[in-house]
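As written, the chain order gives the labels A, B, C and D, with residue 1 at the start of each chain.
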Amino acid sequence: MYSKFKSEITIRPDDIDMNNHVHYSKYLDYLLAARFEQMERDYKVAMSEFIKLGYSWVASKAEIEFKRALVLKDTAVVETQIESYNGAQVYVNFWIYKKDSMKIAAEGKVIYTMVSIKTGRPVRIPEEIIEKYSV
Amino acid sequence: MYSKFKSEITIRPDDIDMNNHVHYSKYLDYLLAARFEQMERDYKVAMSEFIKLGYSWVASKAEIEFKRALVLKDTAVVETQIESYNGAQVYVNFWIYKKDSMKIAAEGKVIYTMVSIKTGRPVRIPEEIIEKYSV
Amino acid sequence: MYSKFKSEITIRPDDIDMNNHVHYSKYLDYLLAARFEQMERDYKVAMSEFIKLGYSWVASKAEIEFKRALVLKDTAVVETQIESYNGAQVYVNFWIYKKDSMKIAAEGKVIYTMVSIKTGRPVRIPEEIIEKYSV
Amino acid sequence: MYSKFKSEITIRPDDIDMNNHVHYSKYLDYLLAARFEQMERDYKVAMSEFIKLGYSWVASKAEIEFKRALVLKDTAVVETQIESYNGAQVYVNFWIYKKDSMKIAAEGKVIYTMVSIKTGRPVRIPEEIIEKYSV
C-alpha cells in the first residue's frame, strides 16, 4: 500500500463556468497541479528533474466521477495515491474534497506513462524511480 | 443504435501546454464544444432552450483514453454518439480524431445528468427530449 | 493615496504555455483572483455581497506590460492599488512580482465598471462603497 | 499603411465565465489565435518557421478596451493591422467584432518582441521578415 498525499488548490475566478461551478475540465488541472506538488514535496523527484533526465510523464487515461460541485468560495483538497506500476505506467487514484467539510467533490483514477522526451516513446519506469515513489 | 455526429474544433495556441501538445484537460473542453454544437445543429434542441425551460446538463462522469497527441497544426474532429438513457442520465461515447489523417487522438465516454437549475437536482429526462435525441 | 494590497497566486501547470512560461493572458486571471481575495480580505466587501445587492464589476479596460516571464517554479505576488474613482468606474494599478526575488514580472492598470446585473448598465459607485474601499 | 486581416474565432463553452460572457482574458487568446492564423495564411511566415529559425515572438505589452460582451452564441471576428516596427518590436492594432452585427466587442493594441529562443533576448527584426510582413 502506497501513501496518500494531499495538496490544497485555491480556486480562481477563471475556473468558474457559466453554471457558477468549477468547470468540469479544471478538476483535471487541479489533479495535475497536486501531482506536481507531491512529486517535489513528497516523492522528492520534481517534474523538472525528470525533464532534465530526458523523461516526462503524460496522462494515458483519466476517469473522473463528479459528486459535488466545487464553487468559488471552496478550497479544493486533492488527495492522490499510487495504486500500482506496470512497465512504463503508473496507476494513480485520486479524490478531490471541499476543504471546509471534507466532503467529496470528485474522485477517479489516472494512468500516467513515462516517456522519453526525445522519442516520445514510453520508457519502462526505472527501479530507482519506483523506489523513490514507494513512500 | 443512435446516430454519430461530428464537429470540427480549431486548436488555439492557448490550448497548447509545456509539452507542445494540446493540454490533456482541453480534450474535455473540445468534447463539450462539440456537444453544444450538435445539440443545436443535429438534435435541434440548443442548450439555451434547455436553460430557458429551467434545465441544464452537468457531467457526472467522464472517462478518456489518450491515444495520440494533438498538436497546434492539427484540427480536431470530435464525434459523439448516444449509447443509452437511464432516468436523468444519458451515456455518450466520443472519439476525437486528427482531421488530416482521421487517426484517433482520444476516445472515451461521458455521462451527463439533466438537472433542474432551480434545485440543482437530477430530473428524469422527458420522453419528448429523448425523442428529439433519437435521431 | 489608497492602500496597496498583496495576494499570492500559486502557478499551476495548466497556466504554462508552449514557451514554458505562464501564458500571457493568465496574468489577467491572476489579477482577477487577487482582486477577489482583496475585496473580501482587505476591503471587507466580497464580490458575492455585490452580487447579492444586484451589482457586479466588469473590466472595461486593461493595460499590461510584460517585464519578466513567470515560470512554473515561481509564485506570483499580485499587488493592487486603487488610483481613483470616476462615476461607475474605478481605476486600479497593479504589479505582479516573482515572489522569490520580488522582481517585477508585469505591471499595468485596469478600469473596472460597476454594473447592474439586471440591466447590464453602469451604475454610479455609491459613496458607502467608496468609503469601504478608502482604506 | 499595412493591410488589415480578419480571422473568425469560434467561441467555446469553456470560454464563458460566471457572468455568462466570454471571460475577459480570453480576448487575448482570441487575438493570439488570429495572429497565428494570419502569420501563416496572410504573411506566409508561420510561427513554426520562426521557431525553426530559432526565433519566437513574445507579447511585451497589451492594451484592450472592452466595449460589448461576447456571448456563447456569438462568433468573434478578430481583425489586426501592423502599425509600425521598431528594432525587435512590432506594434499591432486589433479589433474584435461580433460576427453577426459586426459591432465592436473590444479593441486594443499589442507590442510583440522577436526573441532568440536560445537566449530569450530580443533580436532586431530582419529586413526580410519586415518585407514579408509588408503586405
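As a convention for this text, contacts are C-beta pairs under 8 Å (C-beta built on N, C-alpha and C of every residue); 3 or more make two chains touch, one makes a residue touch a chain.
Everything numeric here is computed off the predicted structure, so don't read it as measured data.
Interface comparison, A-D versus B-D: the pair with the greater number of contacting C-beta pairs is B-D. Among the other chains, the CA centroid farthest from that of chain B is the one of C. Rounded to whole angstrom, the centroid-to-centroid distance between chain A and chain D, based on C-alpha atoms, equals 33 Å. With each centre defined as the average position of its C-alpha atoms, the distance from chain A to chain B rounds to 23 Å.
Between chain B and chain D the centroid-to-centroid distance comes to 29 Å (mean Cα coordinates, whole Å). Within chain A, residues 13-14, 25, 29, 32, 72 each touch two or more of the remaining chains.
Across the complex, chain A meets chain D through its residues 13-14, 16-18, 20, 23, 25, 72. Considering their complex, residues 19, 21, 24-26, 28-29, 32, 56, 58-66, 69, 120 of chain B touch chain A.
Chain contact summary for the complex, chain D toward chain B: residues 9-10, 12-14, 29-30, 32-33, 36, 48, 72-73.
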